[in-house]
Every structure is written in structure tokens, then in C-alpha cells.
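Have a look at the structure below before the remarks.
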Amino acid sequence: MLDFEVFVQQLITGLSNGMIIALIAIGYTMVYGIIELINFAHGDVFMLGAFLALTLLGLLGMESWGPWGQAGGVATMLAASALFCGGLNWSLDRLAYRSLRRSSKLALLVSAIGCSFICVNLGLFWGGLPMEVFGGGMAAAAPKDFPALIPQTNLLGDSFIRITPADLLVVAITVPLMVGLTVMVKRTRLGRAMRAVAQDGVAAALMGIPVDRVIGATFFIGGALGGFASVVYALYNNTIGFQMGTRAGLDAFTAAVLGGIGSLPGAVLGGLTIGCVRSMSDQYLETRWTNTIVFGILVLILIFRPSGLLGAARREKV
Amino acid sequence: MKAMECHGVWVQFGGLIAVQDVSFAVNPGEIFAVIGPNGAGKTTLFNAVTGIYPPTKGRVELHGDEQVEPVTPRVVATIAIVGALVGALAVGAVHIQSLWQSWIIDHYKYAQPFPWAEATAALARAIAGLGWFGGVLPLVVGGAIGGGAAWKHFSRARRASDHIARTGVARTFQNIRLFNELSLAQNVLVGMDARMRTGFVSALLRLPRFHAERRAFHAEAQELLDFVGLAGRADEAAGSLPYGLRRRLEIARALGSRPTLLLLDEPAAGMNPTEVGGLMALIRRVRDRGVTVVLIEHHMKLVMGVSDRIHVLQHGRTIAEGTPDAIRSDRRCIEAYLGSEEHG
Amino acid sequence: MTMHRSLELSFVSLALALGAVAWAAPEGGTLKIVSSLPRTGSANAQTTTIVNGIKLAIDEVGGKVGEWTIQYQDMDDASPQRGNWDPAVEAQNANSASRDDEVVAYIGTFNSGAAKVAIPILNRAGLVMVSPANTYPGLTKPGQGEANEPMVYRPSGKINYFRVVPTDDLQGVQAANWAKDLGVKRVFVLHDRELYGKGIADVFKKQAEKVGIEVVGFEGIDTKAPNYRALVTKLKATTPDLVYFGGTTQSNAGQVAKDLRSGGYEGKYMVPDGCFEQAFIEAAGADNLNDNTFVTFGGLPPEKLTGRGAEFCSAYRTKYSADPEAYAAYGYECGRVVLQAIARATSKDRKGILEAISTTKDFDGVLGRWSFDANGDTSSQLMSGQTVHDGKFEFVKVLGQ
Amino acid sequence: MRWRPGPIVILLGLAALVPVLDLLLPAAFALSEAVRTVFLYAILALGLNVVTGYAGLLNLGIAAFMAVGAYAFGILTCEIYPFQFGFWSALALTLPIGAAAGVILGAPTLGLRGDYLAIVTMGFGEIVQDVLKNLDSITKGMQGINPLPAPALGGEQWTADDERKWFYLLFVLLALTVLAVRNLERSRLGRAWFSIREDELASRAMGIRAERAKLVAFATGAALAAFAGGLSASLLSSTGEPNNYDFQASILALCIVIVGGIGSIAGVLVGALVMVGLNSIVLVKATAWMAAQGIGSQGNVLLSPNNWKFLIFGLALVIAVRVKPDGLLPPRLEGTRR
């Protein structure tokens, strides 16, 4: 293999990983944009989405379906996880966050941290279900194998550079979602309402926008994206576990900040950047320093661009 | 010397020009008003003067000086030191394990005395032996990043509002910005901070000098609250103060720094006629303390009643300047502003 | 029965609290065994099997040794907000065990780092500690770890710490030798940067170099990463024919296996006993492991056991309706060593039981016949090699023969 | 004016009585050891309170400074390094070392807006762990550094067994920390922090040097966290492993501050008692009791009490802020007592 091939391969890996990060990051950035909350539970909602997908897969016996059946199965899982995560995120807002709108931002943050712990525990229980896909429930905490419905064979035959159906799946699901979301926020009534609430909740309420409903919708959409991401993640990595949400959340939030929090294209750019930095650092430096390098680059970028790559510098009204 | 001078000031946000080529001068000891319809760029002008954002073009001079922190040798030295430190950190970060090896691991045998001199000499040799690629390159790169960041930081802070405030310019805000969770006395004490001298250690250990300074400033804060008519409420929370009195507290807070120039941004907004009368008296008394007052106001009775001179803006441009009487009779002003205000 | 006991106990406590009885004589006839393992969070899967093993050992003797009733307490050394072992909690466990005069044996810990906190505390209290899982050599063996190890763990000058598992230095060596036998020429060594995984990988690397296998790479992974595709690309470019991973199921051995296969690596994969559990096969997906994955383990796998071991396996299956795994066997062995020592001890107190455990000789255990050596290590050097076939571990050979 | 004890004095007074209480309770219910952990976390959380409560800077990486303190203490004292300072001098050194670490992180990043800073501090927490793990020739990697000395007072060397001495040492250090933080709070500096927290722009316009005040807050918080780290390392006689100072530890400190009452010293003390108490007293004793009663089964995931700990902890957080959004003991109006 050539050095060039290695580089291209790492780029592909980085972009695929980056897109998954970006999809989760959008959920963060939307919620942050509208109520300035770092929704710590988002990563864990995402994790529960993956558990739902695995449960469905086991219950319906998707592994034995034919290729077309499996494609339908993937679509089912996507829809179910998106609805489930959206609904869960919405209920978190309804039950744990809404009553704290007027309290300090930090109380809200602690509530989100609490929700995150609760979701982690639900994941643990879920992993202990007496189902075959969960190992019969004997080892609730163990990582779970997610069957490879989408094969990881190389579409380029024997070449060193590998592009697998799983890579294509990531692109095929994330890109339309991102485009659709951007259009929605820019063009639709709901999108305009969301932007209005994000700018000034009180003014929006005075203009007759049902603020709580709009915030709820934002949580739902953010959660649904997390749900899509969870299925993509599970099909791409083929392992899920009850603690995977923490790391995914951390990466995604870093991506959101790197890109400029509140900005949808920023979250995507941030996610792709982090994905690529990770794989390049794995290749050309040592894996054990990868995290340090990611955060080091984050700090460097923020020193010179304090609002992130695409974030608008916010001017305070005086 | 003028108390404040604007020379051809422009302020631009993206495509929007908020202030366009405005020039005026304020004499020491006078009450100077800037008026104009909403959106004329008055507050923006204030913000440019007090360093909240820099003017896009032009100069603002306070007491005959541009109030930009100069690039002194000390600043250069600080930037150089920061650069050098970051460079050294970078070198250390890259080589920390090998340096530690030659300093400690090679010389320390468990439970035996450590040969400090020998080990340190070995460390020095190891540092000297890093060479161009291992030693100088990280030093230069780290130094450039550190120095660059320090310069960036300095240039951002050169004309920052805290720096300008410390040169004797105080202000109030159009949408009152008090510290609502602090008491009245503490709000004023925040205003006095620039004059305080206790440092971290004397505050931590409550050295005698801390107590002396505290007594003096607390007394002065009381006196300032008396001066603006808030006597006896020193320990209330600022947030619980009625609206009309908040302006007064803001003025007391601004006076805390013993400014020579006080900028009042719509001090009479939302006041009833009685309160306005009291405010006019207060503004005159502030001037009598030797403070030059510049105010932005819509309330014509107040402006005409207290101002020595008036500057009129419209759409970010100057349209007139003069004494209240002159402005009252200026046709352009009446058309642009006074007319609509008095008859509409 | 236990309910009755503890009622009685709390009664006594209450009496003590009220000051009615200033110094009650220790309640005759009860001895406590405690274990301190991370029961909250990701290690729960492994520690559950350890606790199962201990309970099985106690149940087998009917909860009694002679006239003495054995009480068992399962302590958690993890805290929820950490989700992993917590040094403060471990110290707290060790201290409360030392304070409780009825406690005569302390089984634990799971993590060698936790052992470093607990051993000195228990040592001062003269309380014996038997570990089912610590493999860091420095805890017992002079010259293997830091210069001050293992003396620092013995402030009283006496040995109170024993372990039934072979240490990293044995397993790593055996694994490298086996790799040589398998015809490996180039190996890429990965580890999880944990005490256990890094320790064993270091030994493996050293031994591999010694026996003439070229080590083409040595990297510590980030155990929380979602996948290792980038690393696999880098690894593949060095064309190894074996990848050794020092780590456990929890530190992502399964994900590494998956990414190796999906990244197009077709060589062998070898892991230590931290992965010798069905959960590893489940996490990795059997297809990714079948027939070219190799697992080392200290002792013999359940189905190869005869005598005691065979009895253990069938008893475990009956009781928990699951196959016993590596840690279940280690936990069971700990429990039995302690119980047998209690039986042999001349005086049924800490001193007597510590004495009895340190003189454990020719113990007929599920891991073979072994004794504790002068450092407190098991004399058993028996190691076995497994491979994965058809989604199940399959015994290959006894290593070192 | 008659002096009446405030909540801080009452809390500390009650804490001082715990060892006496222990004499009356049976050994299995001894509290003083768990209360020691409360003290340590209280010091850590007081440090975080300076940063987040007073200056309003959300710091999600306070545990990293704790790690810096613990490892600095370890390297300075342990016999496997040549430095071999004693307990007291090494403990004193953790303060400037922690402050320096705070400045190194703070100086480049204090210009950032709230949540950007939060993510940078969180990243710093990850970096510190990685560095401690990876530089294993210096930090001993995952092994931790041990043994670490206990204090010697009056020529007498303590051991970890001197429980009561340890208890009162930590108690006195906590009281001193409280005093120091209170002195800072009620000084020019504390006022500057509050004003920045409430309205940075206005306080700058009043001549407050916001950057400098924030940096001092950051350094003070880091120094206190490092101090707590050094103490906890000495108490355990080991630095533990780098993972012990991870994001979760920072989160616990943050929860202590917010559940207790952000910006209030008494609140932080109560918060530490409640959160650490829940964690290492209530949950521990409850599971031990349940296990003793034979409740729980390993076969069913729902029946094992250990499997509920995350849920209980999380619910406690959600309910606590729901019932008391400003914390259990929110600060009274600053300065009403002057």
C-alpha cells in the first residue's frame, strides 16, 4: 500500500465517524440554541435508542430476513428509534426541565445530569432483559453485539482502500437528514418559531408563539436525530453498551462547540473535523494521545476564534 | 484641554453604519447633551467612547488623550515572557519523559541519597543536547503561539472598557444594569473598586490595611448613597429597589470611581415629572462636584433645563450643535426631532 | 436463618448502643467473610460471577464450618457517580472490615489499584486478604514492580495478602511462547492502558522479542472510543500475523476484534484471561473470533476439570443455570481456600485464620493442585490455551508443555 | 448587636461532634470515616464554588486540578522519587502548584463565553488524565504512587489508623478553608466576582478588571482542588489511578455546589453532606443491609440493589433541583451582615 492510500483510508474513516458525531451534535446544538442547556442526557437518550433497535432486531428476528427484508428492518429501526428518542427527549423536557425554565441555568444543568444517570441505569436494566440478543440477561453490564445487517465487505474488491456498505449507509442517512433539517429550520413555520424563541423567548411569547410547545418540538427533533444516529452508530460499529452515551455525548458536544454552538452547519463541520483529527492522530501519532490532541486543537481554535469555527460572535445589547 | 473629544467617529456593524463621521468636544465642567430620534446612534456613540466596542474609524480623546494602552517596553517584555514560557512548556511537553529520565531515573537509586549536583548537570546536558529539531523547533513554534495569543489578548484589551473606566470615565446604562443580587452599598463599592488597593493576600488574611480601607470605603459609599438620596437603604438588595430609584443608584455607583467625566444614558427614561425634577437637581449637583456630565436624553424638559450645550444626531450624522436656545430655534432640528416630539 | 441472625445482631448492637452492655463478649459462633468488588457499573458482569462463586463455596458447606456459622457480606467498592472502583470507598470497606472483629477474611479486590489501597489497611489490622482477580505482579513479587514493592504493602512486616490467580508476568510469558508455537513472525501489541492490560502487554512484548517474534507496533487504545478503524488501518499497514490485545471484555476487546475483521485484517488475535468469558464472544460476535482467536487462562477450563473442578462446574450450572467462567472459578477458589483455612485454623480468629491460609499446601482446587508460596502467590503455574470455535471456547492445550 | 451562630458555624459544630457520636454507636454504624470523605469533597466543592458560584465560570474539569494536587503530592513525597518532602511542606506546595495549573488553563481561555469555557475545562480534565496515564515513567501510569506519608505532629508519625486525629485534621483544614473563602467572599475581590457573575459588561464599565478577577478565581479554585487532592492522596496513602479523577468526579463536585446552593458556603457544606452522604453512606449501608437480608438475586437484573444506584443518584439530583432550584441553603443577600 502507498502512503497516499493510507491517508485516503483514514480520511474515509474520519468522515464516517465524524458524520455520526455530527448527527448527535446537532441534537445538542439545537437544544442549546433554544434554552442554553447542555443537555447531558442527550447522549444517554441516544444510547437507549440503540437498545431499542437491538430489541426490535431480536424480537422480529431480523437477522434471518433476506436482504430486502433487512433493508426494511433497518428502516423500521430508524423510524422506531427516532420516534422513541424524540419522545423520550420530549418527556425529559416535560418532566424534568420545563419547571426549571425560570430557575438558574445551573439548576437545569444538574437536572440534566440527573436524567443522564437515570437513563444510564435504564440502559443497564434493558441490557439485562432475558433475550437472546442481550446474552440472555446474564451480564447486564457487558457490551452487546449488534448484528451486522449491513455488511462490512469492501466494495472496491481487494484494494487497500476500503469503502463498505456501512460507510455508504452513514452517508445515505446523515446527509439527507442534515439537509432536511437545515431546510426545515430556514423555511418552515416551526423553524421560524424555533429561531424566534432562540433569539428572545419573552418577545416570542408576546408575539403569540407557544414557547413551551416550540421548545418541546425542538427537544423532540433533537432526540429524533439522536435516534437516527443511534441506529447508524449501531450498524456501523456493531457494538452497543449502556455506557456508550457518555463518550458519544462528549464527542458530540465538543463538536458542537468547535463548530460554534447553536449553528447547525457548525455542528456538522465540528463533527467532521473531530472525526478526521481523530483518525489522523491515530495514524500519524499515537492513539493514546488522540484525545489530548483533539482537545488541544479545540483550545487552540477557541483562543483565536472564541465563538467556534462558524459561530457568530454575539454582541451584547447595551 | 477638553474633557472629551470625538474626531470623525464612525461605527459600523457589518453593513449597517450606526455612527457616521461625528465630531464634537466637551469642555470640562459643562453639562453636554446628545439628542436625536430613536436609532440616531446615540447609545452606539457612548459605547464607542467607553470602549464597549471600538470605533470603526476616527478617534475618541478623553482628557486630551486617546486612552489606548500604549505599547510600552513593559508590554513587549510581558509578551516576550509569555512567548518564552509557552515555548519552554512546549519543549518540556515534547521531551518531558527523556528529560526526567536523565535527571531522576538515571540517578535515583531507591532509598539512597540523591546526587543533586550530578543529576542537575546531566539534566542541563540533556537540555543542551536537544538540538535544532527537538529543541529549537518546539521552542519557536510554542513561542510564536504563546506570543501571538498574548499579543491578541493585549490588543483586544487595549481600549477595553475597564481600562477606560479607570482613566476617570464612568457611565450609566439605558436599560439599567445594576447588580441586582448585591446590596445598594455593594453596588457603590463595585464602582469604587478601581480606587481600592487591597490585594489577594491582605483580603485573605484580613491584614490591618484591609480593615482600614474597608472602613474608609464603606463610609464613602454611605455618603454617596446619601448624596443621591438613598440614605438608609444601604443593605437592601438592588433588585428590590423601585424603578425610579434605580437610576439614582446607578449614578451613585458611577460616582464611586470619582470620575471626571460621567456619561448618562437616558437617565430620565420612565420617570414621572416630579422624579425628573429631582433628577435635574441631582445632575446639577453632580456637576458642582466638578464632574463633567454628558447625557443622552429624549426628555426635552430635562435636556433644555440642565444642558449647557446640545449636540443633535440623526441617522448617525451630526445635524446641529449649540446652546439650548439655539437648538430650540434650529429649523432642521425642529423638523427632524423636536417637531415630532412636541406636537406628535 | 440469616434473617434470624441479623435480627439478633442488631439487637446486640442496640444493646451496645444503649450502653446497657459495655463490652459484650463477641458473639460466639459467627465468623464473617466479606468481599469488596466493584458491583456498580461496567465491571458488574465479572464481579457477579465472582460473588456467585464465593456463595457457591459457602453454600456447599451449608454455611457452617464445624460449630461456626459463616456469614458472607458482599461489599461494593464502586460508587455510582464513578461507575467504577472508587479509592475512597475501597478504603472505607477495608476500614470497616478491620473494625468489625467478626470479620476474619477479606476477599477482593477486582482491580489491582484498589488492592494497593486495601492491603496496607488490612495488613495493619492483621486481616487476611485473598484476591480472585489482581494480577499486578508488584503486589506480591519483589523486583517486578517498583523498588519499594511489595514491602510497602506490609507495614506490619507480615504477609496478609494472597491470590489464587497467576500474575501478569506468568501469563504474558506463556502467551508469547504460545504465539511462537503458533508460528507467529510479526506481532502488533495493543493494550487498554489499564493496570492489568498494560502490565500483561508489557510482559508479552518483552517475551515476544526474546523468543524472536518481531514486535511491529505497541499502542495503548482509548477504551471508550466507539471504534478502532483508524488504528486498524495503521496496524494493517505493518502486516502483522498476530494482534495481541492486553485487556478485558470491558475494555473493548470485542470491539477491537470486530474492527480488525471489518477492517480486512485476516491474521490471528490473542487475548488474556480477562476475556475468558462468554460475554467476550457475545460482544465480539462469534463470526469475528471463530478459529483464529486465542485466549490464555490460568488454570484449566471447566470442561477439562476432573474431581473437584468437575463437581464445581455441575454445581454452578445447577445453581445459576449458566456455565462457570474464569472469574467464577477464581471466586469459588477464594471462597474455598478461606473456608478450608477456617476449618484448619487452631484458633478461629484473624491470627489463626491468617496463619492457616498462609500454610495452604497442596490445595485440591478447581484450578489444580497448588500451594501458596512465600510471597502469597499461588504455586500453580498451570496455564491453558483456548481458541474460539463455533461461538464457544475450546480447549487447545496446557501451555508451557 | 448580639452574635448568633450562622449556619456555617452550626454545621461545623455538628460535624465536630461526629466522633463523639461514634463512641455511642456500634462499630458497624461508625460515621466518622464517611464524614472524612465529606470533608474532602467539601474542600473540593468550596474551590469549585469560588469559580462557578462566585465568578460564574462553569468549570467541568475541577477534578483535573484535584489530580494535579494528588500527583504533585505523590511525586514530592513518595520514597520512589528523590524529593521526599514531608507531609506538611508537600501539602503546602499543592496550593501554588494547583494555582499555577489553574493559570495555565485559565489564561488562554478566560475570554471565552460561559459554555465554551465549560467545554474547554472538560477537555482539560480529559487531557490531564491522559497525560497522567501516558507519562508512565514519571507518574507510574495506572499504578498510582504509593505509599504516601501521613502527617507527623509533635514528632509523632501518624498512621491511617489514627482515625480521630485524621478526622480532626481534616476538620481543621476544612474550617480554615471556609474561613479563607469567606474572607475572600467578603472582600473587594469577592465583590468583583459577584459583579462579573451578574453583569460582566457593567462591571467592566465600572473599572473592574474582569480578566484578572476571573483568573484569580480560577487559580483559587484550582489551588483548593489541588489541596483536596493532596489530602485525599495522603489519606489513602496512594494517588489512586488517573481514572479516579475523571469527569464523573467533577460532576459530583458540581452537583454538590448546585444542590447545596450555589455561591453559599453553608450550602456547599450541606451539599457535600447530602451528595457524598447519599453516595457513600446511605447507598452503601442500604445495599449492605439488603444483601444481609438476602434481598436481591444475581439472576435478575432488577433484583440486585447495586443495579439501582445510578437511578437513585440521578433521581435524587432531579428531585433536589425540582424542589429547591436555588439549592438547599441558597446564599442570603451578599453583604446584609455587614
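Labels for the chains are A, B, C and D, by order of writing; each one numbers its residues from 1.
Basically, a contact is a pair of C-beta atoms (placed from the backbone, for glycine too) under 8 Å apart; a residue touches a chain by one contact, two chains touch by 3 or more.
All values derive from a computational prediction rather than experimental measurement.
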Touching both chain C and chain D (chains): A, B
Far-end chain from chain C, centres as C-alpha averages: B
Mean-CA-position distance for chain D and chain B (Å): 35
Centre-to-centre distance between chain C and chain B (centres being mean Cα positions), rounded to whole Å: 63
Distance from the mean Cα position of chain D to that of chain A, given in whole angstrom: 32
Multi-partner residues of chain B (each touching 2 or more other chains): 52, 110-111, 149, 173
Chain C: positions in contact with at least two other chains: 44, 48, 80-81, 83, 147-148, 193, 220
Where chain D touches two or more other chains, by residue: 79-80, 108, 111, 133-134, 201, 251, 255, 299, 307, 309-310, 313
Touching residues on chain D, where the partner in the complex is chain A: 52, 58, 108-109, 111-113, 115-116, 118-120, 122-124, 126-127, 130-131, 133-134, 201, 247, 251, 254-255, 258-259, 262, 299-302, 307-311, 313-318, 320-322, 325-327
Of chain D, residues touching chain B in the complex: 79-82, 104, 108, 111, 135, 137-138, 180, 183-184, 187-192, 194-195, 198-199, 201-211, 216, 333-336, 338
Contact footprint of chain D on chain C as seen in their complex: 2-3, 6, 13, 16-17, 19, 39-40, 44, 48, 51-52, 73-76, 79-84, 86-89, 91-92, 95-96, 99-100, 113, 116-117, 120-121, 124, 136, 138, 145-148, 152, 155, 193-195, 198, 220, 320-321
Contacting residues of chain D [partner chain C, same complex]: 24-30, 33-34, 37, 40, 79-80, 133-134, 136, 140-144, 146-147, 159-161, 163, 232, 235-238, 240-241, 243-244, 246, 248-249, 251-252, 255, 279-280, 283-284, 287-288, 291-294, 298-299, 304, 306-307, 309-310, 312-313
For the chain B and chain C complex, residues of the former touching the latter: 110-111
